[in-house]
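Listed after this line are the structures, all set down as structure tokens.
Note that chain A is present in both complexes that follow, paired respectively with chain B and with chain C.
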Partner chain A sequence: MMKRFFIFLILAIVGYYIVDVVSQIPFGENRVNVGDYYLDKSPSELKVSNTVTAIVVNYRGFDTLGEVTVLFLAATGLASIMFRRKRKGEKDIRAKKASSRIIQIGSQILFPIIILLGAYVFIHGHLSPGGGFQGGVIIATASLLMLISYRKFKVNHSTISWIESIAGIVFVLLGVTGLILGKTFLENFLPTGELNNLLSGGIIGIIYVAVGFKVAAELTGLIDTLLLNNRPEANKEK
Partner chain B sequence: MNWLVIPIIVLVILTIAAAIYAVISKNLLYAVVSTGVVSLGLSMFFFILQAPDVALTEAAIGVALTTIIFIITIRNTTEIECCDEKKSKIDVKKGGEK
Partner chain C sequence: MVISPVQYIAIPLIAAFLIPLFGKLNKELVRIIPGLVLLYLSYISVVLMNQVISQNTMIVEIIAGWRPPWGINLVFSPFSGFLASLFSMLGFIIWMYTYNFKREVEDAQTEKFYVLMMMLITGTIGIVLTGDIFNMFVFLEITAISAYSLTAFYRERDGAEAAFKYLLVGSFASFFILLAIVLLYSQVGTLNMADIAQKMPDVNPYMKGVILMLFFVGFGIEAEMFPLNGWAPDVYTQAPGPIGAIFAGMVVKAGIYGLVRVIFTLFDVHEIFPLLMIMGVITMAVSEVIALRQGKLKRMLAYSSIGQMGLVLVAFGIGTHEAVFAAIFLMFNHAVIKSLLFLSGTYLVYHSKEKNISDLDGIGKSLPFTSFLFALGSLAIVGLPPFAGFWSKLYILMAAADVRLIAVIAIILAVSVVEIVYYFRVLHRIYFRERISTIEIKIPSFNAKISMLILAIVIIVIGVYPDLISGLIERAATDLLDKQHYIQSVLSVGLH
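The block that comes next holds the complex of A and B.
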């Protein structure tokens, strides 16, 4: 009873202060000028039509590096916990029967189309909505489709880690090149080109391709690790 | 009244209903699938509110990847949410029926 009372007391205090702070912020009013700066400068200086991309990769590029690192660490940690060699007679978690012919042929048709969509999303990241992260996730979804419809679909983990490492190195090298040329980290040093062209925006396109490859490889490896390395002691209880 | 508001209202109700069902459902598989429905509704809202980047991310991550990862986890563990260990074993043997 006492415990419950304290829980409600703490909730009431926290709620009071949240309401107190939020009620003092005027709704829908622009309080900072940095948004106007980005909207103004990203088409004229960087020649990037998608302002979100300009913010994520150029103005706030250092944060993006941190996010990519977090994803990399999460995938590595999961693989180090789950991955192990299979013992004799051990089966993977995928269904014992092969999936039906309709699903197999359907996923065969859909697989290249989804990959193409993912590649489109991250190559055109500076022109249209989307970017490296979204495109990479879409490609990982395509490989997930193949993994659950074909029992013999294998993912080569050494290839995946090579792709991942090279993409990460490209990202960091592009950032450090900006530092070497006397600018800030991830500052643009390539010619920016014309607005709304595919080859515009300087290094943003290259970075998004690298991020797309990295995210796609990481998430594919993550799903494959989860699907193929189950814990037999958990299944015995069933 | 603008008639275009009606599908949005339906979407809001569907999303909130799916979110409540995800909390109260005892079967974790149903809860995970309804979380996917919540993500789908959310990505629609992001698109309506002119944030297509976030809508793409939400659709790809929330609907596809998170749902699949949770389903894999449920296949590795148990399907029924429970606090009592003895009760859970009986429930699992019965196939989730109480």
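The block that comes next holds the complex of A and C.
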């Protein structure tokens, strides 16, 4: 009882201070020093019309490289933790019966369209809302759709790890190339082109395509790892 | 290509993405590549450290071509560079130890173990090198995610439970730190640490206090500060042995670095020092007393590790130049000595199911080399001469005496007695008992012996010639305390 009381007391104190402090932040007032600089430089110097992309991939590209790594590590870690051989007679969490014909045909039609949309989103990351992360997630949902509608649908883990690795290496190597050319890590070294063209923004577009491939492969792998452990085929060697 | 600090991050990342591909070619490459990477990082540490010390500067590297405060930058200063060098070299030694570790584990698992281990080390290096507060958070996440997965690496232990506990507490730490960063950004409008430090005087004191407390709690969790360290003993016990050494040697040190960087450079509020000292004293006293009652070897080492971190906090809390010097010296010593204890202790209880201290009865005869190194580590960590641990404890006591903190001195000495009691109890069992247990003995592999021997030699050499390293630490302490120099060096980069 005492313990509980203290827990609530501490939570109340922490909660009070957080709410109080957050409510003191003025709304609608521009207190961000770096923001104007970004808004000014992105179209003129980088030739990127989507400033958010410019911030994510260029000004703070190093953070994005870190975030991509976090995702990679999460997938690796999950695969390491979930790696196990199933005992005999364990229940399958996937549906016993195949999905209905309607769902199967429907997902067949939707699958290429979703992939196309995902690719569009990450290829146009520097022009329109969206980007590598969003596009990758859209593509991963396409594989999720196939995994739930077909019991036999298999994800090739070898291909996935190839895509993952190559996309990751492309990202880092683009950064290192800047270094080799006497500039700084992740600095743009390609011609920036013209604002609002598909081929603009130098390496920003290429990095976002790599991120898109990487996120798509990783999330597909993650979903499959979670399902694989409970699938009969995975335990055939026993 | 010129050697620059960004290679600390770029090279391990390329390697981490390549390892799955190389694993398809040759299984052995998976084990070798992390070693080569860490060896290269040790090499660039020597080069960069030399440059920093001889030219009396700090290396500030801008990334993506935007100079601070617009872009992210890495700062290789005497303090951060010292820690980065320590982490890469210690990382290499621990890699050497793991080279033949667990050959019976499946290949797919081995690959993941090495990728996660290398990224755990890279994450801690990133935390100390970055000059941007949000980038520090990203590296903290890299460290944390690898740490959670490695804790749960062994299925036959209760690793999953420990990892889940760590995940919950660690998420709280991340939440507090991120919230603090958000609030800080709303006040100063920049994420660059030097720029924040410069604009700090304009922030209203109430806001400052709350943000500092959020950072204090967040990094306090990572630095194993009482009462936020409930996760630590479980994690140390369940994680694989060498990973325990990495936690004690690097992950906790990176947490402490975050804490002191925020307190000394970003905020520079002296009102927090007594709090830091009091928390340190409580952490130290409580955990050493708990360590006395532990029956399991790794749990005992874990509590001892928390106690030492308490001592580091006390020293930073005193806040004088001598005290900061002593604190950094202790961070170095603890990283080396506790790694040796974890590495040798792992072999002492290798096949024991319960990992009890009572299983060690008479093991000194069956495993003479490992037991000897464990004994050496124990003597060093309690601070007996002529080992490295002696000097750091002495400097802390002297720094405390300078500012007349008699009570703190008394507590440190009392706690040292407790430390001696529980370490000597283990040594007594190792050397002066007859062996009765029938648990199989595991002889360390050759490379494991070499890596432990290197650590032992470092402990003795630093113990006899502390001047070898005290010059570097002196510079590191000066660097940490000289906030103006840090601000100037970072903000002036790329101007000319």
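The definition used in the following text is that the second predicted complex is superposed on the first by the 210 of 238 C-alpha atoms of A that agree within 3 Å, B and C clash if a C-alpha of one lies under 4 Å from a C-alpha of the other, contacts with A are read in each partner's own complex, and residues count from 1 in each chain.
Everything that follows uses one rule, which is that a residue touches a chain if its C-beta (ideal position, glycine included) is under 8 Å from a C-beta of that chain, and two chains touch if they have at least 3 such contacts.
This structure is a prediction, so every number in the text was calculated from the model and none was measured.
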| item | value |
| --- | --- |
| Which of chain B and chain C A:73 touches, first, second, both or neither | second |
| First, second, both or neither for A:52, with chain B first and chain C second | first |
| First (chain B), second (chain C), both or neither touched by A:201 | neither |
| Touched partner set for A:212, first chain B, second chain C, both or neither | neither |
| Which superposed partner A:24 touches (first chain B, second chain C, both, neither) | second |
| Dominant contact partner of chain A by residue count, chain C or chain B | C |
| Which of chain B and chain C A:37 touches, first, second, both or neither | second |
| Contact footprint of chain A on chain C as seen in their complex | 1, 4, 6, 9-10, 13-14, 16-18, 20-21, 24, 61-66, 69-72, 106, 108-109, 112-113, 115-116, 119, 126, 134-135, 138-139, 141-142, 145-146, 148-150, 152-153, 155, 160, 163, 179, 183, 185-191, 207, 210-211, 213 |
| Touching residues (chain side chain B, partner chain A) in the complex | 52-53, 55-57, 60-61, 64-65, 68-69, 72-73, 75-78, 89, 92 |
| Chain A to chain B touching residues, read off their complex | 50, 52, 93, 121, 129-131, 133-134, 137-138, 140-141, 144, 219, 222-223, 226-227, 230-231, 234-235, 237-238 |
| Complex contacts: residues of chain A adjacent to chain C | 17-18, 20-22, 24-25, 31-35, 37-38, 58-63, 65-67, 69-70, 72-74, 76-81, 83-84, 158, 161-162, 164-165, 168-169, 172-173, 175-176, 178-180, 183-188 |
